[in-house]
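Read from first to last, the chains carry the letters A, B, C and D; within each, the first residue is number 1.
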């Protein structure tokens, strides 16, 4: 099994298959369907310093090969996570990573400070790219300067593996990637959702309560793949790729484009066992192509 | 039929249904399938000052609900268009609009100068957003300053209706729209394709000869719709919306988001009669909702 | 425990222009797990190009003797159209059983009324059976626009008295369910309702005013159906909660519908 | 004139593990237009979620008496898998006839060899018929990896002598088509070829060296199939040209394959 091992900074994953924040709850939602211990990592729902109710219903619209969401970081806050959720999930034999969201630099820092104390959380993923709440972080993700500032502040508070999650809603994603690398991020993950919109033609109204929402799913895969490839050729830190992955072939493509690990998001809703199928598919790909270690494939286009 | 009439600057369209450049050849490719005279307008293939061979094969990759293309502005140049294609198509009872592409401001200007002399070409669409050729214009489309410069130069050479076609590969599309409006564009059309990529997992190679290509089709619709809505609320000039339109509902959504007219691109390949179905669908929508004029719907969310 | 398994379509009966009844059984013949009335399934729709997400459908009936589930499907868009068009022998991948369930009254003397509007009658059939099996005397009140919209009357009559209203009066009493004369003539201790939101709001208001226990089943838009996405929330007195896990059945006291 | 019309599937015959033969007729019974050998159709694949674009498929045969088209389909991905799985009576929306065609030799004394590799035999059957109907004596050379890959042998034999090679020698001569002994024994004035690119390149080189007229049919990736997208180009001595309109058949003199 060692041939599937990959490293994200100091963090070792038993395999490159992770789940994307906001699509996998806290893992336990999927425990009936799959063996969570087989995953390389689980990134839990976006967590903020204080509890949030999220946006009003409707929060979802189906789109061609994808969906828009406007959940808006509904969560019970960092303390609730630490007191109630962490104890429930910390014994899974996989890496539990917390996706940290916020509105101000201070929010991010204080949330990171609370999480650094948790033994079994080896890493956080800094969500500077949520398009779904005003001041929900996306403003940090679309300016190199703001992205650098929040990374710098969190870096000084958080000593373990720091992954920064990038927004695709930018002219040049490599610029943002470089900025966060320079401030000490151990890895970048990309992409978060694309800002999109849905309209109900009959009612002549936006479908989502927030008018716009975040687009995810197979529809975004070609753009996400291009961005991963660009970022891989720009930074030296490991890249975690995601955006529309729905089968093992997609996963291999993201790895070839330069991802050291991949995250599966929206497709978990369609097939809650998809991560296991992807894992099996990667293994037989390695067999078929006589590849000793998945690391040989990373960026090897 | 008057209730379908819309205006783009001084240009009157008998209805809002146009076809998108590069997906409809010179119109005649579709003459076996539909009555071209029923269209509001036809935007012909991107035309450059000199002939271009385009990119090497392979130029195409299918994607979930869409496709990537890397055609790269293959065309026989402005003179050939004027001498051979224009005479063949200028008598259709619809608006023939030429999509003008180039690598330098001078290219654009000289091409526009040639076209302004053609009686039956009432407008050009300035393609500052082609992602598929080095120096293919996209660099103009992703910087407000460059977009303003090329618009200004062409504006002074071209006296008829000037439409500027925007790239979606930017952080803030409203900024570009504002810049070209300030330099005298009569209209903006959006969106061109998104920069994407496809990889052949088995061969471990990019699928396209150019590595990256332009993503189009229903997959991009939610993002395109959001951009049209943003631009409509930013500029005063009419907006022409496109990006993944594949049925009358999509067309109505783009109109509600703020499009005075719409263009159908990739879906023409799947159903070469789709423009007629969209036209019929819009008409029965107006009937069903007792709407006197399509103009009542534009931006009426 | 939730499962994802393949079912086989045993029959597809067209009930009227818009509605089909599918009877399905696990492909590998495994025994159906315990299912509670009000629970639903999430179906992967294989034969619709434009249907990306699964579709949530109520469990209309569980026939333990045949090891079958019944699904009542109304064709309202591409996904349900494809399900209605599906053929005998076809495979359907299904996640189930999902959601909470209706709760039974605390003693058998309590009178229950099960109200269904349109395809919202779906969960009421299985609830009726379970009530009856547990010694209750369920009574039904079914509504539709006209006679052809009122489905499965024969089936309902197996489990209890079945009252009908139609908006055009073509079957049963004329008007909305809330105007049916049984409501005036008879006292009920508990009302269960599923159907279009305006109908459920009307029933909820009626029950609230009459101080009758009332549970409604919601049909919020869902992406996952099992608590992972937080898309299906309903605003309750406890804040936003997921309809797919804490519902679809809610006691009206928890909702913020009543003015 | 190109048309877009619905066809009905009359039969779907499985020829081997990978290949199916569909026979289809216009749904409204209209008479098929004039079709030339080498032309192809673009099929909308209704029952495959991941197939967005139409799929180009050669016209294998035109049966004027039955008003049917034959399509020989090799299952290589989701789109062709869905076509292979399609049922009798199902509707298929088709754009046709597309592309140029093979050209007949200028006089009937010219000997022709029709070479097909794998599913590339598809257009050769109809070409054989047209040649024979026009007084030529077509001869066939079919190749495959092993016996089960060589399809429609009976059909080909109706129109001319049919030579076979297989890579494993399980049928006909062992080796590649270019090594078949007929090429040494017999002089041909014109060769037609369709199949995997390496095979066509080998045939082209052979024909070039022997100074034999040669036409090949290409299978470049297509988005539209009727000249609108410029995606399907082949580099020729005239520059990049569209395979869907100026091909799929090319005289090898126009191509840049020969070293």
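One rule holds in what follows: a contact is a pair of C-beta atoms (placed from the backbone, for glycine too) under 8 Å apart; a residue touches a chain by one contact, two chains touch by 3 or more.
Since the model is a prediction, treat every value here as computed from it, not as a measurement.
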- [ ] If every step must land on a chain the current one touches, say how few steps get you from chain A to chain D.
- [x] 2
Open item on the list: According to the touch definition, list the chains common to the neighbour sets of chain B and chain C.
Closed with: A, D
Open item on the list: Among all chains, whose Cα centre is located farthest from the one for chain C?
Closed with: D
Open item on the list: Based only on mean CA positions, could you tell me how far chain C sits from chain D in angstrom?
Closed with: 54
Task: Whole-Å gap separating chain A and chain C, where each centre is the average of the chain's CA atoms - done: 36
TODO: Enumerate the residues of chain B that touch no fewer than two other chains.
DONE: 61, 63-66, 217-218
- [ ] Indicate which of the five shapes (line, ring, star, complete, other) describes how the chains touch one another.
- [x] ring
Open item on the list: Applying that definition of touch, give me each pair of chains that meets it.
Closed with: A-B, A-C, B-D, C-D
TODO: Could you please specify the touching residues of chain B with respect to chain A in the complex?
DONE: 61, 63-66, 68, 142, 169-171, 194-199, 201, 204-206, 211-212, 215, 217-223, 225-226, 229, 244, 246, 249, 252-253, 256-257, 285, 297, 300-301
Task: Residue ranges of chain D in contact with chain B within the complex - done: 1-4, 44, 50-54, 95, 220-235, 239-240
- [ ] Going by the contact rule at the top, pick out the chain C residues touching chain D in the complex.
- [x] 46-49
Open item on the list: For a test of understanding, state which residues of chain B touch chain D in their complex under the given definition.
Closed with: 22-25, 29-30, 32-33, 45, 53-54, 56-67, 69, 71, 74, 217-218, 266, 268-273
